Amino acid sequence: MTVLPLDPVQALERMMLIRAYEETLIDLHGRGRAAGTCTSVGQEAPAVGVVSALTADDLILTNHRSAGHLLARGADPGRMLAEVMGKRDGYCGGKSGSLHISAKEFGVVLTSTIVGGELALATGVGLSRRMLDKSGIVACFFGDGAATEGRFQESLNLAAVWKLPILYVCENNQWQAFVHRKETMLADGIVGQAAALGVETAVVDGNDPLAVFDAASAAIDAIRRTGKPFLLEAMTYRLRGHFEPDDQGYVDKAELARWRDRDPILGLRARLEREGRLTAEAEAAMEARVRAAMEAATAFADASPYPGVEVLTTDVYA
Amino acid sequence: MTTMTVNDAISAALAEEMRLDPTVMIFGEGVATKRHDLLEEFGAARVRNTPLAEGIIAGTAAGAAATGLRPVVDLLFAPFLCYAMDEIVNSAGKLRYISGGQFSFPMVVLAMTGAGWGVGAQHNHNVESWFVHSPGLKIVMPSTPADFKGLMKSAIRDDNPVLVFADIALGYSTGEVPEEADAIPLGKAAVRREGRDVTLVSYAKTVGTCMAAAETLAAAGIDAEVIDLRSLKPLDETAILRSVARTGRLVVVHEASRLCGVGAEVAALVAEKAFASLRAPVLRLTGPDAPAPASFPLEQAFVPQADAVVEAVRSLMDERAIA
Amino acid sequence: MTTMTVNDAISAALAEEMRLDPTVMIFGEGVATKRHDLLEEFGAARVRNTPLAEGIIAGTAAGAAATGLRPVVDLLFAPFLCYAMDEIVNSAGKLRYISGGQFSFPMVVLAMTGAGWGVGAQHNHNVESWFVHSPGLKIVMPSTPADFKGLMKSAIRDDNPVLVFADIALGYSTGEVPEEADAIPLGKAAVRREGRDVTLVSYAKTVGTCMAAAETLAAAGIDAEVIDLRSLKPLDETAILRSVARTGRLVVVHEASRLCGVGAEVAALVAEKAFASLRAPVLRLTGPDAPAPASFPLEQAFVPQADAVVEAVRSLMDERAIA
Amino acid sequence: MTVLPLDPVQALERMMLIRAYEETLIDLHGRGRAAGTCTSVGQEAPAVGVVSALTADDLILTNHRSAGHLLARGADPGRMLAEVMGKRDGYCGGKSGSLHISAKEFGVVLTSTIVGGELALATGVGLSRRMLDKSGIVACFFGDGAATEGRFQESLNLAAVWKLPILYVCENNQWQAFVHRKETMLADGIVGQAAALGVETAVVDGNDPLAVFDAASAAIDAIRRTGKPFLLEAMTYRLRGHFEPDDQGYVDKAELARWRDRDPILGLRARLEREGRLTAEAEAAMEARVRAAMEAATAFADASPYPGVEVLTTDVYA
């Protein structure tokens, strides 16, 4: 299976959709219609860049900050919203909540809100690819915080020793809930640890979707070629709080401002405009499509009923 | 008396004990960020953020406790304790015994649990009975601000590892707390309401459920006694047995699931030691044997409700044959 | 029929199921070294040694199970499961529910437990009740080679995570195993001895203790029924209730400690659902609420003995007042 | 506090005592008088070398293969044997078993047989040194297998971030129970991981007690000077099986033979003889002292009674 080069305009629209989805959710939450949630505002580039480099056979594991990964993969924002709102038509029937969506039909397996959970499961998904002679690889998204859980070492070590086809994607967004990364590790990133375990690594500007796409494509090529795991660390920033609502009172204002200036959506848009690849009309059309998509999604989720209590104890056992 | 929330009661207990004893300290993911008052008053050495790694947080607490400190660690949500089971159970709970009494482990583990936040089964799982089953630990799970404060103080002063579970739904509930609150001894239940017809045993948020049920029952002429366990280990067996000896009927209510839960223990205790007084089957009302759903109506349905308690009691009152 | 040990029965079940289903595999610390026969027959891809890291072993099993394999993992000793609680409880046990049924977790976790090896509390801790309390899991803890083989086969075929605890003291005990042993369904208790005066409910090594006690009691004219639970979850409630309905007396015996143990569950079940038949208090004989000592005489004293069972039953038979 | 230079002759005698202690235990086990155990035969050098570099204020955490650490610290072999035999006069009253001895009076705290347990506790012991302004450092002994548990990463990372005075001593004996190290990690050792976490490291010949002493002394100096943790990896070999009895059927005979030739006791003895620092008489006297010590120890342990059942439930709570 071959992956087409990333169309930067499409990448922009995808990022805009992710942003709009999360802003919708924040708005719904503000109006008491959805639970609080973790957004990925500012981190749209790793989602779009990495997921665009995957094929349909590849599987994804992700964490509590997963909306971008799902949307980049083509998941329906209406069913996602429905899930977050606990509605019956959500991907998991409303049982999973705001942080947990998995969607088997898109190969988004096993979203874990236990930080580190995705790392613990990824090796097994990689192992099944190997043992069942599947061609797909596994993309495992996790945060810099997850990398301080011991499962990080255990997962990478096993993947290295067993040669499992896993693309580890660390979205190093500088924050671990209410703690800055600098308080939890001495190095600025985690590639050193991966390298010490024998895992090949690369670091990429996590606010540039095109750079991420290229780095991910190269990493995936290496995985398909060697069968071995690879760790890609995308340096980015969590522009909003940990969990909505969050006043970010603990955030260094200058640092936040610096990264706001590097907003991945504004950055790509400016670049495309500069390069004459994005007209005002095209932009307006994109905005309209995104707005329409989110309106439809909200209407869908609103219309979806809550599950009946009869499902309280279904799906416990197979 | 001051009125305060459960969250404030916990903070007050921490501050007071840290003032009294310089070996008391607190750490955990975001602790220094979120407990800024403590950081200001006691400084960065005694109030620390940690890396995101529950196992080493709990292990550090155990090692520190064994060698002269009194650490309090906040592990955030009860399911995250899964990453720290070895340190809590195999180390803190056992190494005193294994070492023939050479070391003790004066440490406190804090965690939130329970339905009410809609965030699903990996943040909401009531696992207190695991620790009741395990040797060497103490467990408290209060229901009022005063108890949170008093029991938290005792937990910090205790020379053993104590787990303090805070039912998330109670965090912002308020109550009267004595100004100079004394420590409340671990292992003593509170009788929240006296009654002679049936004993309702509960803890955490479902104490309120039982109180509501008792009101309804009272209107129907049924006089329910409500016991709030507060401490799950040591368990106040005397309070339970004394009550059942009088009422002859027992319903245990909790949100944790039924199988091998605290309700099973209370029921088994009574079936052994108060059998002669029992006039009706012992009932348990618990959360279902399922992970906690996130969807609001399902999450509500997960928790035992006052109606169901009323109904259970009524069914017991009808068991005339046995009386 | 062949005579074989419990250890051989487990090996035989593994080999037979691996022959039948190419997606069955086994891994763990030293598995490929110690199960050399399996390695020879099924090759290095399906029989693997792992790094020393229980968490990732269990997590790998869960991830593999959700995506097409049927892994069996050997975590060696039950206390080591503390390192894998997140993967077993939060992932394998919950992610089917959380995903709204999109995934299932056909995996088996093997671990040894129990007194008899003298190696102390960090290798010997009977924690089966933790998993009974947790949703989404099944637990078996057999007492005979035939049951180990038959239940192990069912565990491997089951589409849910199943924990198989092997009482270390039984490893070299022998018994008859049918040549072409069929899978024994999970969730069915075995009546090891019929009797009408008292029901003894147990599992693992203390089933033998109960059988011995029953012999002694028989000599004294007391006819004990002995139920071997085999599966702790699903629990065969029907078998327990049917028996107690007839005998009116119940003693539950296990090595795990008392509080919130399986015995508490069985006692509570009976106090609710067979109350009208009960003619005497429900008794539990369990290991003490202490870590397991290593010293031989202490370790022996840790385990409930036949004498104590006999005495407990006698005390119940004397409760004439209630009959 | 200053540490005297290591007297090589004394080091030899200490190693001989350790060897004799474990051989006594193997013998007692063979005769059904003691439980099976994990010996450190072949690994006496890290025990003697590191422990000799510690002062009385320093604390030790160790694991299931700890006899050498205890004996090097001066623990009484009689009370150790009594513990292993489950007798009342053992250091832990017989409750701990063959693998678990801790001896507070010697600063040997919290012996864990959960592989990785010592790593999880060490940070707390280091923290209490810091917070209570104690001068001592913490020596934490663990195996190459323990280093594959995630607690390794978690412990080193926290020690690095919090600047805890811990000397991590990895006795890389090439085995992890029944699994060769090569099956569990790609690198030949673990210093790379420690370095990636910002922990200073050194590798030393773990069969040369004098080299170990020098490396440990330098590491301890660094810790006392900087307050920061240090990892010393001692390359050695487990000459016997994992747990007595063990036929070592799974061990590569050539590898075993190579390491037998590097037996640390034979090596030091030959060197001292070569250098003329050990006479036949001195050697004989040493042997006699060791033999006498073990005879006295055995007699002591034999004479010690089993604990009474009344202590079955004591020491559970403080």
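Here the chain labels run A, B, C and D in written order, and each chain numbers its own residues starting at 1.
Here, a contact is a pair of C-beta atoms (placed from the backbone, for glycine too) under 8 Å apart; a residue touches a chain by one contact, two chains touch by 3 or more.
For clarity, every value in this text was computed on a predicted model and none was experimentally measured.
Trainee: Which chains are in contact with both chain A and chain B?
Mentor: Chains in contact with chain A as well as chain B: C, D.
Trainee: If you walk from chain to touching chain, how few steps can bring you from chain A to chain D?
Mentor: Counted as steps through touching chains, the separation is 1.
Trainee: I want to compare two interfaces, C-D and A-C. Which one has more contacting C-beta pairs?
Mentor: Pair with the higher count of C-beta contacts: A-C.
Trainee: Determine, using the mean of C-alpha atoms as each chain's centre, which chain is farthest from chain A.
Mentor: Most remote chain from chain A, centroid-wise, comes out as D.
Trainee: I'd like to verify one number: the distance from the centre of chain B to the centre of chain C, where each centre is the average of its C-alpha atoms, in whole angstrom.
Mentor: Each chain reduced to its C-alpha mean, chain B and chain C end up 29 Å apart.
Trainee: For chain C and chain D, what's the span in angstrom between their mean Cα positions?
Mentor: One centre to the other, that is 36 Å.
Trainee: Taking the mean of the CA coordinates per chain, how far is chain B from chain D in Å?
Mentor: Computed value for the inter-centroid distance: 41 Å.
Trainee: Of all the residues in chain D, which ones touch at least 2 other chains?
Mentor: 94-96, 100, 112, 114, 116-117, 148-151, 154, 157, 161, 183-185, 316
Trainee: Show the residues in chain C shared as contacts by 2 or more other chains, in ascending order.
Mentor: 50-51, 53, 55-56, 79, 82-83, 86, 90, 97-98, 120, 122, 135-136, 289-291, 293
Trainee: Is the way these chains touch best called a line, a ring, a star, complete, or other?
Mentor: complete
Trainee: For a test of understanding, state which residues of chain C touch chain D in their complex under the given definition.
Mentor: Within the complex, chain C contacts chain D at residues 29-30, 33-34, 49-56, 79-80, 82-83, 117-120, 122-123, 288-291, 293-298, 301-302.
Trainee: Sort out for me which residues of chain A touch chain C in the complex.
Mentor: 59, 61, 90-96, 100, 102-104, 109-110, 112, 114, 116-117, 119-132, 150-151, 154-155, 157-158, 161-162, 314-318
Trainee: Can you list the chain C residues touching chain A in their complex?
Mentor: Against chain A, chain C makes touches at 23, 25, 45-46, 48, 50-51, 53, 55-56, 58-69, 71, 86-87, 90-91, 95-106, 135-136, 138, 159-160.
Trainee: Which residues of chain D touch chain A once you look at their complex with the stated criterion?
Mentor: Those residues of chain D that touch chain A are 148-154, 157, 160-161, 183-187, 192-193, 195-198.
Trainee: Under the definition above, what is the set of chain B residues touching chain C in their complex?
Mentor: Touching chain C: residues 79, 82-83, 85-86, 89-90, 93-94, 97-98, 120-122, 125, 127, 129-130, 132-136, 233, 235, 256-257, 259-265, 267-268, 270-273, 275-276, 278, 280-284, 289-291, 293, 321-322 of chain B.
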